[in-house]
Amino acid sequence: MKRLMALLLALGLMLGLTPALAEGKAFSFGGALDDMDLIDVHKATSSGVLQGGIMVCEPLLALQPDGSLAPQLLAEMPAVSEDGKVFTCKLREDVYFHDGTQLTSKDVYFTLHRIFDPATANVNAWLCDMILGGKDMLDGKATELAGVTIQDDFNFTIELEYPYAPFNYILSCPQMLIYPQDACTAAGETWGIDSFVGTGPFVFESFTAKDTLHLVANEKYYEGRPQIDEVYLYNLDRGTALMEFEAGSLDLVNMDPTYVKGYQEGEFATNLVMSDLRGIIALNLNVAMPPLDKVKVREAVAHAIDQKAIVESYLQGNGTVANSLITPSVAGYTDRPSFYDPEKAKALLAEAGFPDGIKLVNYVSETSSIAGIPVVLQEQLKASNIELEVNRVDSATYVSLRKEGSVQCPLLTWYADMPDPDNFTYTFFQSGNSKFFSSNWNDPLTDELMAKGRAMPAGEERIEIYKQIDQRLVAEEFVTVPLYNPVTYYLKSDKVEGIFFDGSMFHLDDASIVE
Amino acid sequence: MSIKANAKVQDAAYTSFYHDAFVRLKKDKVAVACLVFIVLLILVAIFAPLIAPYEEGYQDTSAILEGPSSKHWLGTDEFGRDILTRIIYGSRISLSVGLIAEAIAVTIGVFLGALAGYYGGKIDAVISRIIEVFASFPHILFAIVIMFVLGTGVINVFLAIGFVGWTGIARIIRAQVMQLKEKEFVEAARASGGSDLKIILRHLIPNCLSTIIVVVTMAIPSDIMYEASLSFLGLGVQPPVSSWGEMISMARKYLRTNPTYSVFPGIALVLTVLAFNLLGDALRDALDPKLKNL
Amino acid sequence: MLKFTLRRLYQTVIVLLGVTLVTFIMVNVVPGDPVAVMLQKKADDATINRIREQMGLNDPLPAQYFRFLTNAVTGDFGNSYFQKKPVMELILRAFSVTGTLAVLVLAFAIILGVLMGTLAAVFRGKWVDRVIMMISTLGMAAPSFWLAIILQLIFGLTLKWLPISGLRQPNAYIMPSVALGMIYAASLARLTRTNILDAMNQDYIRTARSKGVGEFFVVAKHAFKNAGIPILTYLGTLIKSILGGSVLVETIFSINGLGRLLVEAIMKRDIPIIQGCTVYIASVFVIANLLIDLTYGLFDPRIRVAGPAKR
């Protein structure tokens, strides 16, 4: 409290002396945020948008640096019923939205209802559609959300359609930020563009689409006013953002690993931070497009790829070889040796009836960070008699083709929403989802295992199930060839401390600027 | 003298015109140097597999993003591909663009321009309006939109650029034909029973040849730049094909650590464009000084 | 003059109509369903169809074109699919940026180009002339995007004199203007030099010289006037090239101009923006040409009779 007063005093003095100074304790963050059309997390999937959103609004629970969960807007962790389907929640009573209204259960209901309301066209509804009644709303069969019941202003329960062990993680995801019913309804179509009200450490000040997001500190933040006064989020082209950082006009910059070499030595070496991304880059093999409909052919492709070479030469060591669909820190991970063996690959192809090799067609979005990987694969696969045609297209075309299930070997780039194996498997390989990712894997056994895993409580048995799923997908049916686990880098200026990067987003609540 | 003989005299004078022009050109040392450069470039493009030290897509995984060295004279790119090799192969794309895009532009442009100039009246009005409509779209943006309609790939780049550039030629040919059709030899040809099409093809267009040559030579640099721009934006060639514009675009990321990566393709581009520009100037001075105000 | 003006106006209207037609056809032939892109991860066909219906995308094409045209006349290009704002508002905001840049580029190109060209003409044959011509030849050959990157590296990063991106400070306009304008300055220099040299050989100049008027004033007063017309002609092309060529420079300097707006809209299939931008840019060019032609007509009676100048 004393510290707060001192800070406010200093701020007051500063403001008194230098009225027009936009700097002082202003934090500037630059990144490639071309998708930043708005910051409503219900309408976007890219991290740039979510990054802006989480600074203004908050989810019910929060992911901690050590991977565990802690209550954020809730007063304590939810109580889970015996059958794992009902989550009893109690809200903190000291939380207010930036417009002064108090956070109550009606806002939680409003937010969850909005997620499933067809009029919202929420692109992330799939993440929490195990909430009872969610799917009915999406299908238009219901107008109210059956699974959320309000007891009083600070108590409510969420009921699921089936027991889902990692549900608490879902409640901590950036897509589940709680919106204020009054402000959000009033804003209508301009929510996330001209106004965005939340409970978070920073208040929405102004937004210019695809350009700048300007936030100011929430003086009344219930966890204490953040030490940073203002935050600017800029959309800059990657190379330009780095140059701006060097010139001193940015405090934090995301860096694509391809640029890292230039910064590992020299002036900015101490500003460089590496972070694991809890993600996987894999080559999906479309089982509906011949010759990939034959297991032996897919097995051959798995034997034709040298992941080590990709990581060591093209990625220059910025990544870890992956031989499992699930990342090492998540339950269900299996360590297995690489399949790389070009001679065996050629033999397998011959056995499958292709002694002269095969031709595959890849499409990749040219703006994607992994757009170079197919080029590396193109050369590698030559040694196994596989000719890979690479087509770099714009992202709209790519999404459209992939969603039709017509890309023969798309690259899967996935950064998990939560540290749970279900997020790595169900999302792409469940028969209802697989077409969308051009996998077209439609296998009753896999579906059955996945349904079982989702409903099971955490524990050894559940881990076993996911190991089985991973084994089937990667080492038996070769539906996907894991390549590597990506890492990311960022540059943070010497002036800044206390930034927390949770594997996908930056949290600035505890950050401070040291002059 | 018979009318036919008159026409022949015109043709005879016409041949010595080219001869004179060629003599004048030979005297201009700069123009000769440019011509030599372009011929060499064409040879490099044709014999690329023989000249280039490595295969086009070959990735030397032990040498990623290296500067010039004895193994790789101009260094390597992010995939370990030899930059010198890619610049050599890149010449194929740049020259092909010049050739094919111009062929398309000339075909459309000359055809429409000649029709408009020769017939005049309503046909001219309609064609002129069409020319104006297509000429009012900025070239690059139009090419980008066309690329999105057609999809990426080298062939589509040629089509897009050719389709964008025809308006310039059309206008010039139209003006030339309008002037020429009043000349005597046309009257003569008509009198001797030539059909309109024959007159246009046999007499008018060949007389515009010098203009066409100049315009084409001066348009090629723009075409090469458009291709480089399209590839820079990621809309051009597909891997492993290399294009100078694409190389410059990829090199942007590595500007700090490997400035040579973007410098060398840039130099190749500048030299080629320069050569065509200067040659075009010289050709224009030699063949048709009236075009000075282009 | 009136007849000429009316004739040109009539032609302009037809051309503008043609522009809208060509734009509409191109944009609606582009593959890739914008609604699917909008809904990204999961949308079943029923939802997609419902939204298409809402947006009027299921109506027959001629009906859609007619609606587009009637709205376009009032400047209403609908709302952006992704940014939810009226397209016209986005275009005007982007145009103020690109327009400012264009004016600066024009100023840079004209001032530098004409100055260089005049100097070269006055000192023809001497080293000044040769150096200027060499620089301008090189200047015409360097691609604007390459030049932009080099400038960024030297002045922004190494010397730290100028901001690398954005237009947040007044001096941020310098590098983009130079990068974009260099080619035009170079070709204007050569054009000016040629025209002044030609004009200088005319009789009336020799007369002025024989009267003893200073060389420079001779050039300035008499040659300029005649050289002015081809430069005016070039202006039209210049405007068009700047409007289009700004895309690359805008990308490199992270400037939110018209070119970038259009290209990004194309990447996302944001059809209202694509249509609006294309029609807008083409219209600006057409109207600029109209004004240039009318200016010609005002000053040079020969043009009024002969028709619009060769460009």
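Per-chain numbering from 1; labels A, B and C assigned in written order.
Keep in mind that, in the parts below, a contact is a pair of C-beta atoms (placed from the backbone, for glycine too) under 8 Å apart; a residue touches a chain by one contact, two chains touch by 3 or more.
In this text the structure is predicted, and so the values were computed from the model without any measurement.
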Item to check | Innermost chain, taking as reference the mean of every protein Cα atom displayed | outcome: C
Checklist entry - More contacting C-beta pairs: A-C or B-C? => result B-C
Item to check | Separation of mean Cα positions, chain B and chain A [Å, integer] | outcome: 47
Checklist entry - Counting in whole Å, what is the centre-to-centre distance of chain B and chain C, each centre being its mean C-alpha position? => result 22
Checklist outcome for this item: Rounded to the nearest Å, the gap between Cα centres of chain A and chain C is 41
Next on the checklist: Can you list every residue of chain A that touches 2 or more other chains, as numbers and ranges?
Outcome noted: 367, 394, 397
Next on the checklist: Give the residues of chain C touching no fewer than two other chains, as numbers and ranges.
Outcome noted: 31, 157, 251-252, 266
Checklist entry - Touching two or more other chains, which residues of chain B qualify? => result 148, 151, 252, 255-256
Next on the checklist: Per the contact definition, I'd like the list of chain B residues that touch chain A in the complex.
Outcome noted: 57-59, 61-62, 64-65, 78-80, 148, 151-153, 234-235, 238-240, 252-257
Item to check | chain B residues within the chain C interface of the complex | outcome: 129-130, 132-142, 144-146, 148-149, 151, 171-172, 175, 221, 225, 228-229, 232-233, 245, 248-249, 252, 255-256, 259, 262, 266, 269-271, 273-274, 277-278, 292-293
Checklist entry - What residues on chain A touch chain C, complex-wise? => result 34, 37-38, 45, 118, 121, 123-126, 189-190, 193, 208-211, 234-237, 240-241, 243-244, 246-247, 249, 367, 394-397, 399-400, 403, 433, 436
Item to check | Residues of chain C defined as touching chain A within the complex | outcome: 31-34, 36-43, 47, 51, 82-85, 152, 156-157, 160, 163-166, 251-254, 256, 264, 266-269
Next on the checklist: Residue numbers of chain A touching chain B in their complex, please.
Outcome noted: 238-239, 242, 256, 258-259, 261-262, 309, 312-314, 316, 366-367, 372, 374-376, 378-379, 389-394, 397
